[in-house]
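Labels run A, B, C and D following the written order; every chain starts at residue 1.
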Amino acid sequence: MTARLCAHADEAVAGIQDGSTVLVGGFGMAGMPVDLIDALIRQGAKDLTVVSNNAGNGDTGLAALLAKGRVRKVVCSFPRQADSYVFDELYRAGRVELEVVPQGNLAERIRAAGAGIGAFFCPTGAGTLLAEGKETRVIDGRVHVLEYPIKGDVALIGAHRADRMGNLVYRKTARNFGPVMATAATTVIAQVREVVDTGTLDPETVVTPSIYVDRVVQEASA
Amino acid sequence: MNPDRPRAHDERRPLSKHDVAAVLARDIPHGAFVNLGIGRPTLVADHLPADSGVVLHTENGMLNMGPAAHGDAIDPDLTNAGKVPVTELPGAAYFHHADSFAMMRGGHLDICVLGAFQVSAAGDLANWHTGAPDAIPAVGGAMDLAIGAKKVFVTMTLFTRTGAPKLVPRCTYPLTGLGCVDRVYTDLAVFDITPQGVMVRETFGTTVDELAGRLDLPLLPARD
Amino acid sequence: MTARLCAHADEAVAGIQDGSTVLVGGFGMAGMPVDLIDALIRQGAKDLTVVSNNAGNGDTGLAALLAKGRVRKVVCSFPRQADSYVFDELYRAGRVELEVVPQGNLAERIRAAGAGIGAFFCPTGAGTLLAEGKETRVIDGRVHVLEYPIKGDVALIGAHRADRMGNLVYRKTARNFGPVMATAATTVIAQVREVVDTGTLDPETVVTPSIYVDRVVQEASA
Amino acid sequence: MNPDRPRAHDERRPLSKHDVAAVLARDIPHGAFVNLGIGRPTLVADHLPADSGVVLHTENGMLNMGPAAHGDAIDPDLTNAGKVPVTELPGAAYFHHADSFAMMRGGHLDICVLGAFQVSAAGDLANWHTGAPDAIPAVGGAMDLAIGAKKVFVTMTLFTRTGAPKLVPRCTYPLTGLGCVDRVYTDLAVFDITPQGVMVRETFGTTVDELAGRLDLPLLPARD
């Protein structure tokens, strides 16, 4: 079904269940769906697994979700940043689990979930701590590691524009994880700066086709 | 089946292929994302009401495909999977072949409609190869479509021209996919493939008993 | 290195070796690099493996290459078409090998070659003739087949526009196999309708970035 | 090393990190596609001549990245992998994260420049984790970069602040990748990692013999 336009971020995140796996787009602040994360905090779902490139900055957004104790586990490539003190403290206190995934595997495993790939072999991480315990196989003389898809119950992504059907375009490097996460979750919720009439986006430039998007909300600040 | 849509066909007679397409079209929910295979399945598009909201996918890289193009509207860069010139509707999107098949294989299409040589009671599909020793095999996207959509609908005649059933206990033609068919639309009846067996949803100019006598498999009456 | 602009298709296909695997874009005639195929026929490389969705129509393009006896093997999803008589005759005479690959596997295996994926598991074709002899594994209760990458020595693709660096944009469904084939061959040669100055293509709309393209030639008819 | 480019540094002294970046920049061929890791590798961009034709890739989804953005040119939607605002050059292209890492992992980048804690004589790289028990692991794109580029160049000081060598017989820090480093640029020398062993390409304010005395591995003199 084509996307539903929501009047407010609270409507957009309604129904997210405790225990859900939530894919959260963005790389640093670029493409980060801030309104949706804030709404998720108000919504109250807990015991979440959050899949995102980072583990929050400062004390807003993902960091605020973590600070509220709603996150059981973080799957990311780079939890530590200059101002990731909320995550750091929770992690050192043993109050949040961490799965560190090489950034390329993170992107490709999310893509695999969306593309119907059951598992794939890739050389990244072979012979390192992050491949310990994983199945390996030598292909063309090179050690490959078997990686499994990462699927979300929900994806929260930020995009630049949506049309009323839910087709999305992004802007510059804010595109990052949004397009793959949009393919890999049962319910995909997009925060955009602008909703435009269907037919006004050039079909050649649509990056996330409407089939992937369930709910759209315009940014409060926009 | 949507009871509040009018029936175009006469239920006392077997359906034409256009009637079968109309019956199938009636069962596609509003706003569904659908891929119509080449041949009979393509006819379904002609029977979708203008306000159906149905979005058609073509595996050669497009969503929201419009009707066939004619005259000046023909653009060699815009065809469907059967290489027929088509048009684009507002809200369309183009993507490359790997993205298109990822969409299909990742389970994002609501319904895929395929033709068939045979469907088995377990929902196995045979639609790509007659198995004849001199046949040149050609599969296209059939195997990907068969395993990828949320629901796979087949449209075919129930019997071959020589009277052999095409809904069979086990396929004798080479398979396209295992246990992948959900529903079969034919000139004589519509069947659901269920874990309990083949269930007759509707008959056209025949009865469940008559069909049971002509098919080599048990038939369950429709639940409702 | 950024792409080289060639004055003529003959210059663009120079150096293709006997025995090469050649990926050929297009789906039917849409996106088919006709000038490049004609130039390859003049160039004379033989004993080729051609990877393309179809096996030629009528007696031009791929069909003409086949008719000249230059092709040892065809890897495609759909060799038979109403007017594929050249292929049909060669195949029945045992003069060309055929590997039929489901179309989605064809696209994904080509992508895998370009993306550094050593192999992947996918349900397509499980239990069918086309998976015979292939490794299988049950993942999440479903039989998956292990598929390996398809890499080209050369890719011949058709696109709509190129800039002078080699960035490509496509048009409508003529996009089809071009973008994945461009990632999967040692030498990528693109035929385009128009070459534009670098900086005039919107960077958001580039589908094949310049890194993938080695040679560009403008269509003779354009 | 390109002999016809002028040397900016004084070869009788160890190099500053900027000089190391300049030496490395000189070795990047015209028109190469290059990814510069966060930290010291980023300095290399400052030493590429305006006509280098080098195209920078940033793994968060861009080719032909320009210099850091300042003032009004800062755009929160346009950053590099270190989350620093950057600019776009003519001929740029944007793509999503899976496409960006496919580009990297598929072997399409000519050169990737990385920092390191340690490099082994066999070209093993350790640059993501100190192994300290209280360290929070964070890998980012390091493991993908290490295995993906056609050539991996490392830039680092040759010794730690406490004088321990960072070019070692075997890495003691957790590995980023096995046998992936091709060349190591340091303040005291440039090394090639070859199947025959570690070869000294160039020294700065020291000699091969002096280095051999301070490093716990055999050194081969430069071929030429």
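By our rule, a residue touches a chain if its C-beta (ideal position, glycine included) is under 8 Å from a C-beta of that chain, and two chains touch if they have at least 3 such contacts.
This is a predicted model, so every value here is computed, not measured.
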Neighbours of chain C that also touch chain B are A
What chains touch chain C and also chain D?
-> A
Check A-D against A-B and say which one is joined by more contacting C-beta pairs.
-> A-D
Chain centre separation (chain B, chain D; CA means) in Å = 55
Whole-Å distance, C-alpha centre of chain A to that of chain D, is 29
Between chain B and chain A, distance of the C-alpha-averaged centres to the nearest whole Å | 35
Measure off the straight-line distance from the CA centroid of chain A to the CA centroid of chain C, and report it in whole Å.
-> 33
Chain D, residues touching no fewer than two other chains = 62, 88, 94-95, 101-102, 104-105, 147-148
Chain C residues touching 2+ other chains are 108, 111, 115-117, 122-123, 170-172, 203-204
Listed by label, touching pairs are A-B, A-C, A-D, B-C, C-D
Over in the complex, which chain B residues touch chain C? Could you list them?
-> 58-62, 75-80, 83, 88, 94-98, 100-102, 104-105, 129, 134, 136-144, 147-148, 174-178
Once bound in the complex, which stretches of chain C touch chain A?
-> 108, 112, 115-123, 137, 139-140, 142, 144, 148, 169-172, 202-205
Residues of chain C defined as touching chain B within the complex = 27-31, 53, 77-80, 87-88, 91-92, 98, 100-108, 110-111, 122-130, 143, 160, 170-180, 207
Residue set of chain D touching chain C in the complex reads 29-33, 53, 55, 57, 62-64, 88, 90-95, 101-110, 147-148
For the chain A and chain B complex, residues of the former touching the latter | 1-2, 111, 113-117, 163-165, 167, 183, 198-199, 201, 203-204, 206, 209-212
